[in-house]
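Alright, structures below, take your time with them.
Here come two complexes built around chain A, the first alongside chain B, the second alongside chain C.
Then we have the complex of A and B:
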């Protein structure tokens, strides 16, 4: 049974004419890692809010269609119930801090205190969440004194400690440097291996390609494509949907057009595949 | 932004409610108890406690900075201008210092010193989070506790944001030095992004709080364990009884 089932979802923010999402339908299986890609204003953030219940409960507006989370119709359940099922991590690392705890340990424990988790279990969960996100050594630091990447991993830990069934991340690396992004994706990869269901909205195609099981491509509020990264990111019409193709995929495509890349060989969607592919082409092709 | 001193003195180890109850008792004694030397005595007790708790020097310094200007002002205003002043002590130019004015200024100053001193002792030795946790455990609504805490914690964030905006505007040529008028004109380009930014942040922070189960109903728990003891519970009960007796004595005197 799907953990998330979105059926014909259309949503319009209050006082706007154009819907942010139109007739979106898809589902997410338990343990799946799904990445949502698309240009700015494609509806990625709105979809993240819809999956976690903030649309329509927090943002209100006009919602049609259905979003089911663990079998519950999100529109009919109160937000405080939904937040125990689905966690949300978003772009700005600073505003995700509660602002009322002066250690990372306390910050991660804040959500557990609200849920009334007993103290002994709270300590266990905090230790686990910090370990999973690689933030154990930050436990006694003040959240305000951390880098953006560290804060983002603490926000992730805070969500994980609450043990949601679904974790939704809305462009969590948008404000991070390459090191911070790499650390966060490494943490996501570890989480995915534990069987947690992840939905990640991102502009970073190379990371989505490397880690996600499936991609959803949004364009102007519509779900225009979905499928495995290999099938979706090698499509020549990506640019029509506002997505710049990965440079090494494009390079391999041009090489294929020039007869330098084996037509039978799939186009690369990760840098590692591209390097291996070009090195093998060099060794086997007289053109190099 | 808080006054809390992170050490491990004997006062730090007391339950926050014990210190809060003591503060309330001191307040009651200073305001309702017999006037004269009692408030000053309580101030000296607070000093001794601060010294015992390892915060004596900081306590004295902060008291001085807060109280000295206020006490000086009280003595000038009441000493020279108290309408009940009749007995002259000293005449300076056309102003006369009166005995009644000085006595009243002394009474107000000693009460003020007692209250400030006791409050400082609480704030220097009690982590605000621990105090709010203790109050929440006794029924303070979590939303109210959050408002109080966030005010303490968010101010430094606002300060650092204001500094960043100031530097950005200065880099664009905004003049923030010079005459009062020039400084006043520089305020708008500083305040507008600060306030608008804070409004945008507040929506995200609201979502962040929701996502942490802030509005989930049911019993809350606390990561921090606040050690308590039967002795402290008895002390708190005794102090509360003392407060009630003081109120009763005051009411009885009104009708006697």
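Then we have the complex of A and C:
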């Protein structure tokens, strides 16, 4: 059974005329790693809020259609129940930090305290969440004294401590350097392998291409495409949806037009694929 | 307007040294990008320019003013500062009011303020949302509003902290156009960024920071290919540069046309 089932979802923020999401339908299977891509205002963040119940419970507005999490209709369940099913990691970790705990350990346990989780159980979950995100050695540090990358992993740990079935991340690497991004994605990949279901909204196609099982492409609130990264990111019409193709893909496409890329070979979406494709073409081509 | 940073050191109150012996001279009208890993001192350096932070030793000069002799309010006439997070700088009820706040505060008359607001709205394609509350807009649009608010102050120097974060290709194209206009208008621009594609495409000078120091300061055309230098501070070259390196091309390239030209010429067995 699908963990997430979104059916004909249309949502309008309060006092706005144009829906942020329109007739969106898709599902996510348990253990899948799905990336949501699209230009600004495509509806990526709103979809993240809808998957975690913040739409409509926090933002209110007009919601039609249905979002089901593990078979539960999110509209009919209170947020405190939904946070144990689906966790949301925001773009800016400081948005997420409670600001009232002066250690990483306290911060990671803060949500559990609010849910009244027994102390021993809290301890176990905190230790586990710190280990999964590579933040064990930061446990006694003050959250505000950490780098952006470290803070983002602490925010991730705080969500994991709730042991959600679904983790939703809204541009979690926007403010991270490549190493911070890589550390976060490595953590996500580890989590994905443990069977956690992940939905990630991102502008960074290179990361989405390398890690996601499937992409959802939103444009002006509508789900216009979905499929494996290879098929979706090599389409020439990406630009019509406000998305610049990956530089590797574009280089190979233009090379193909000149006979410098094997017309039979799929266009690359990773650096490794691009290098292999160019080298093999060189070794077999009469152009060189 | 020229910026001269002379051997500054900066220690946070908790004793952590965030900048050590940093010297940098940016000529009037020059556009410089600063890159480096999280925590390398980029934002701490940027905040020295408008007096939000003051060097523990050394000095910063903005034109003929030393920052230690001028208040933040005075420096705001010369240095416009875009914060990394727009919510740190937006507090008015409408976009238009937000944009008018800066120039009005600088003492500009109503006519000049109105003209600057209109131009800034137009530059960032915000005219249609001028009467909206900034917090009814998405984060990406709030970032546009924050940038427009900085522009409306008409400062000779612009300091932009991560201007492309969370922005799509359309905004990046708009920003590239603005950088060109500012170049023609002689504005000095310092941009902090992790986005090496954006940096390589738009800046000819690149300063690389690591552990509170300037690790490298040179032409973008040279620095983007210096993988060993960039790796020290966890920065990756642009995608096309990495592709060219992976194919052992001798040239440093970062655009698709330059890559294809290099590959045609050098890809032979």
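One rule holds in what follows: the second predicted complex is superposed on the first by the 287 of 288 C-alpha atoms of A that agree within 3 Å, B and C clash if a C-alpha of one lies under 4 Å from a C-alpha of the other, contacts with A are read in each partner's own complex, and residues count from 1 in each chain.
Going forward, a residue touches a chain if its C-beta (ideal position, glycine included) is under 8 Å from a C-beta of that chain, and two chains touch if they have at least 3 such contacts.
All values derive from a computational prediction rather than experimental measurement.
Visitor: Using the superposition on chain A, tell me whether chain B and chain C clash or fit.
Guide: Aligned on chain A, chain B and chain C clash with each other.
Visitor: With both complexes superposed on chain A, which partner does A:246 reach: first (chain B), second (chain C), both or neither?
Guide: second
Visitor: Could you say whether A:226 touches chain B, chain C, both of them, or neither, answering first, second, both or neither?
Guide: neither
Visitor: Check whether A:92 is in contact with chain B, with chain C, with both or with neither, and answer first, second, both or neither.
Guide: A:92 sits against chain B and chain C alike.
Visitor: Could you look at A:41 and tell me whether it touches chain B, chain C, both or neither (first, second, both, neither)?
Guide: Second partner only.
Visitor: In the overlay, answer first, second, both or neither for which of chain B and chain C A:162 touches.
Guide: It touches chain B, and chain C stays clear.
Visitor: Look at A:83 in the shared chain and tell me whether it touches chain B only, chain C only, both, or neither; answer first, second, both or neither.
Guide: first
Visitor: Of the partners chain B and chain C, which touch A:149 in the superposed model: first, second, both, neither?
Guide: Touch status of A:149: second partner only.
Visitor: Go through the superposed model and pick first if A:175 touches only chain B, second if only chain C, both, or neither.
Guide: A:175 contacts chain C only, not chain B.
Visitor: Considering only touches as defined above, state whether A:279 meets chain B (first), chain C (second), both or neither.
Guide: A:279 contacts chain C only, not chain B.
Visitor: Once the two structures are superposed, pull the chain A residues common to the chain B and chain C interfaces.
Guide: 92, 94
Visitor: For the complex, give me every residue of chain A touching chain C.
Guide: Interface residues on the chain A side: 13, 15-16, 39-41, 45, 91-92, 94, 145, 147-149, 171, 174-180, 203, 206, 239, 242-244, 246-248, 250-251, 254-255, 258, 260, 271, 274-275, 278-279, 282-283, 288.
Visitor: Chain B touches which residues of chain A in the complex?
Guide: 52, 54, 58, 79-81, 83-84, 87-88, 90, 92, 94-102, 105-106, 109-119, 122-123, 126, 144, 155, 158-159, 162
Visitor: Mind listing the chain B positions that touch chain A in their complex?
Guide: 129, 142, 146, 149-150, 153-154, 156-157, 201, 204-225
Visitor: What does chain C use to touch chain A in their complex?
Guide: 14, 36-39, 84-85, 136, 138-141, 162, 165-172, 194, 197, 234-236, 238-240, 242-243, 246-247, 256-257, 259-260, 263-264, 267-269
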